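Next come two complexes, and both contain chain A; in the first it sits with chain B, in the second with chain C.
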Partner chain A sequence: MSYPLVRKRVIDWLDDQYHFGDAEKLIRNDEASFLDGGVLDSLGFVQLCLFLEKTYRFKIDRKSLTRENFDSLGKIVRYVIGHKDFKGAA
Partner chain B sequence: MSLSEVEFAYFFPAFFLLYWVLPRRAAVQNWALCAGSLFFYATWNLKLVPLFVASTLVDFAILRGFEKFAAPQDGSPLPTDERNQKRRRALLTLGIVHNLTALAAFKYAGFFADSFNQAFGTSLPVLRLALPVGLSFYTMGRIGVLIDTYYERLTPVRSLGVWFSFVSFFPQLIAGPIGRGSELFEQYENPRKLTADAFLKAAFELATGFVLKVYIAAQVGTELVDPVFAAPGTFTRKAHLLAVVGYAGQVFADFAGYSLIAIGVGRLLGITLPDNFQFPFLSKSLPEVWRRWHMTLNRWLFDYIYGPMVTGDSFMRGRIGAGFLVVMVASGLWHGAAFTYLLWGLLHGLGLLAHHRYDLAYKGLCRKNRVWVERRRSTFYQVAGWMVTTVFFILTLIPFRAPTLAAAGKFARGLWAGGNLPNPPGTFHPYLALLLVVIYHVGALPVFEGFRKRASATPLAMKGLALGAVIVFLMLFAPVGAGTFIYAQF
Partner chain C sequence: MTPAIVFSPEPLLVERSNLSLFARYWSAKRGASFADNVDLYRESVRDAKGFWNAFVESSGIQLEGDTSVVWEGSTVRDAHFFPNAKLSFAANLLTPQRPAFRTSGGNLQWVDPNDPAVISVDETGRVETLTRRELEERVRRVAQALKDRGIGVGDRIFGLCRLTASTLVAHLATLAVGAIWSSAAPDMGIELLIARAGQIAPRLLFVDATYPYHGLGRDNRERIAEITGRLPTVERVVVLDNHSIQTNGPQVESFSTLLLSPSLSGPFETFSFNHPALILFSSGTTGLPKCIVHGAGGTLLEHLKEHQLHCNVGPGDRVLYHTTTGWMMFNWLVSALAAGAAVVLYDGSVSHPEPDALFRRVSEQGVTVFGTSPAYLQYCRDAGVCPRETLPLNKLRLLLSTGSVLFESLFDWVGENVGNLPIHSISGGTDIVGCFVLGSPNAPVYRGESPAISLGLDVRAAVSTPRGVEIQGLPSEGNITGELVCPTPFPSRPLGLFGDSDGSRFEAAYFSDHLGVWTHGDTIELTSRGTARILGRSDGVLNVRGIRIGPGEIYRVVELFPEVAACCAIEQKAPGEPGGSRMVLLVQMAPGANLSRPLTLKIKKELSTRASAAHVPAAIVQVSDLPKTHNGKLSERAARDAANGEPVKNRSSIKNTACLDEIAVHPDITAARSET
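Moving on, here comes the complex of A and B:
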């Protein structure tokens, strides 16, 4: 149940910050690389991490803070719902 | 000995043959690489070899310490966990301090003492030590591995041969590309082999690299750039303009060419190094420039300084714009201990900050009306973005190239007012060289994708002919010994 809600939240953020309604179209599938697909650049990853920490009120530990962990929609959503301090999709 | 010098043409074929006749075992290949790399390093400065070896061993001991004091893999808390964590943190601090101390002593001590003396009229001793070759580059590679291992993003390296090969690999020792443990350790841990495809790819990388480095950079540098920067303000405006545009072409060709040679040589030894340049003069914004220019340095700065700084718990958290200033000033100082590099970094930090503010404002318009999204995609917007970015990038190269701030100011005035001396007399070669830089970039535009595909599908014999033509061209027109390697000084 959390997956679609978190997914929508991330898509909304991508639309609000970068793609203005085209994010869903740009992401061909949930496992496609954000970097390769031009969905998000390295600076965008930093802003995405800040957004996730603020929205879900958890801390992304330095061990997980690699581009590889946040390089696709599926990876991001799984990271969020798998986080030990995740309290549910707001 | 540098990768583009004649001596290397004697050293490398001999090493290449020896490397591939040895048993194809990772350990044997690694120790062969270490021996070759130490020989290569010793040709620059024999006296510094013990220091290089000692600091590499200290880092290896620290990396082993990270594993010794690692947290239990099953996650079960042990009484020693907290103490181990403190030990790991102490080891990381030691590793970073020991690496930065070498950098500070050799590269920055003289600059800071000199600046302090000038500012406060003191007479601190000013150290003028010879900079160990590649120090700025391999220091970053080592610190990156220390940080990644500390945060358990990387498995601690266990083999001294792997670690020594990673640190000393001669194609990347002098000027990068700055590799990462995550992309290179595995390659050193496994036996390497050389395929026909890799050989051909390396041959083209070497050919392109040599044309960029040995022909283009040298021709443009000696004929168009150096005379005008040596006497700024005395030449005409046109000469100043050609000099600064020429310098943009020169510094690109010099370093992108060298990087391609390093990548090609690495590939011939079975090691795939990361890309360092991706057609930077096609960039349509400043952030894009830094994703395409000296990519391995910039990803290091953004991943190990910028990211932790703006996502950490300090007052810099969330300060995206201020983070740009800090990281670009750090980039300026990395390039050299001089106020000219500091100014260059500051200008780029301010440029990124201005772009960030503009981008925020533009996004506000996009949220209100989608017509702004379409406008941003228009050809006019893209071309305008490219022009602003390119002009800014080229003009900021004035302090980067000028020896002092006063000379940079004089050059900028010369660009505006000009002097009486006409263009330095010369041949058509620097203009042809600049045209080749333009062609190199234009050929990478999406509109030429079909042509690129057809070119890559040409028969092997044709490719061989093309390579032969490049070699003949270089033998006829490359000004042997005329060029310098700009990035070797960093």
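Moving on, here comes the complex of A and C:
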């Protein structure tokens, strides 16, 4: 149940900050690379990281800010849901 | 309370600094020494003509003619520096002379022609190095090519270009033939570009057809075709990166063709000290951007003073300021050549391919003076970048920051994560193509403050007192706060605004708030220790993440939406945002319309496309009314004070004060105040 809610939060944030209504179209599928697809650059990843920390009230270890964890919508959502301090997506 | 000292210079380095040597030179000339740095500053203002005269004599600046008249005219509004002198801006940058204040000791040769002059690096790792000799040879060839194509004195040349060695060559060649240079980064929005370049009627464009950004090559050719189609004065387009492009009219040439020209022979031509050299752009609260014309001599003199005396720059230094060609720090960086340093140009993303990419280039290129912005330092902090642990930075001796207020916490971050080195928060701007406050090699750095005031510049604060507004200089004790003003002549005051034939716009922009006194638009705190702190803008201009934005540029786009009756762009203090502030767009909707999410995104998208990403507000907030003065003029200042939860300074001049109360308590606005 959390996946679609967290996913929507991320999409809304991408629209607010960078893509202004086009984020869904640009992403194509949840496993496509954000960096390769020009969805987000590394400055944007840091901003997203701050947004997720504020929204879900947990800390993200900056060393975990890697392609393996963060380079697609699916990876980001799974990272958030799998975070030890994640308390739900409401 | 005096803030903590976060850096103190070594006494031996103070003893040998350019500033100390210059102070000794000037002391000997005037027959009296200086008690300390603050005394030196006060004297440079009290006897400004004596100061500038001593600096011109001893700095190595190459002027021809009579330099006995330091300035003519009696006010900051009408003074002209060194009216009887001539110079070549290009020659001063290419072949600097040893300063007389450094005559004792050291190598007699000041700058070796085989030393690097420019090291151009991009995010792909490509490095191009030109020695002094090679740079001069290229400049001479391109200068000859420009002359052969009929480009000469007073012609405007516009660069839509990357920060590369080729751009530097084009820039210096423009100066060498007496033409006027103006430039913008390749990714600037088309409407903003036309609003700038269209006003100055350029004859020739230097362009880059492509540019790298974050690992993705971007192609600018379609935009160049559109731009040239909308700039009817452009006769010729020179492609710096030698790609083929199409235009509707202007002749196209590759930069490599210009480099095949014969070399301009003989000494570089000299022009009057106040010859126009640069046009920079600055956005105000209304109307088109101001086209600020800066003179060759005033710009060079101010820059040389800042580099030599305030930053202690000389041969052996490698200076990198992270900038684009659209920011005045490009011009400032280039002038480090005149102090004998090499300049390092970085083109590309600060965080690609590694999060610490920019610091990595600083390390790899042995940069000694690195300039950046609070937004970048904040990014490093947020991204967990710790250059001290991962990179050898043993050559780095000075960090500079400008663009917005450098908060105390970033002084701490630098100390903990970069190293034990001075960080100078410097501030001035496009309007003066230089700094009002900056650093000193001889002064300690206090947490949150700029260590020094620019020598020879009479920086004061217009302070509100029970007796009215008083213009006050450095206090004898404590601190004062007010609007930054400068009542006496300084060399990099602009010559005027391009196209402003009767000077009325120039007058209104800088001299109307405090009659006849340069009014800069910043709020400044001055201390008796000779330090300063810039507290933000005092006018309605926005400074978001270090980028200055005129609200007028926002309004021109938003007025395309019939749903919006009126709007007001303000900079709100937001401790949690990069740079400590964010842009909020207050909108008053047309009857029957509401601000929906799709409309919010549509407005943001239009601003991003027609202006730039920096013009997109962090929040768009619907309000029932916007503050207007009794004359019906929108008051951004009043809205800003209300949004910041501060007393509205001009409340008595607002006719609809109820809207200020609505803004002050709006939940979308109050939330940002408490975030850290």
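FYI, the second predicted complex is superposed on the first by the 86 of 90 C-alpha atoms of A that agree within 3 Å, B and C clash if a C-alpha of one lies under 4 Å from a C-alpha of the other, contacts with A are read in each partner's own complex, and residues count from 1 in each chain.
We take it that contacts are C-beta pairs under 8 Å (C-beta built on N, C-alpha and C of every residue); 3 or more make two chains touch, one makes a residue touch a chain.
Note that the structure is a prediction, hence the values are computed from the model and not measured.
Looking at the shared chain after the overlay, A:49 reaches both chain B and chain C. Applying the stated contact rule after C-alpha superposition, one finds that A:38 touches chain C and leaves chain B untouched.
By the touch criterion defined above, A:66 reaches chain B but does not reach chain C. By the touch criterion defined above, A:20 reaches both chain B and chain C. Comparing the two interfaces of chain A, the one with chain B and the one with chain C have residues 16, 20-22, 41-43, 46-47, 49-50, 62-63, 65 in common.
Chain A contributes residues 16-17, 20-22, 41-43, 45-47, 49-50, 53, 60, 62-63, 65-67 to its touches with chain B in the complex.
On the side of chain A, the complex with chain C involves touching residues 15-16, 18, 20-22, 35, 38, 41-43, 46-47, 49-50, 54, 62-63, 65.
Residue ranges of chain B in contact with chain A, taken from their complex: 151-153, 287, 291, 299, 302-303, 306-308, 310-311, 317-318, 320, 363, 366-367, 370, 373. Listed in rising order, the residues of chain C touching chain A in the complex are 213-216, 349-352, 355, 379, 382-384, 576, 598, 601-602, 604-605, 608, 613, 616, 675.
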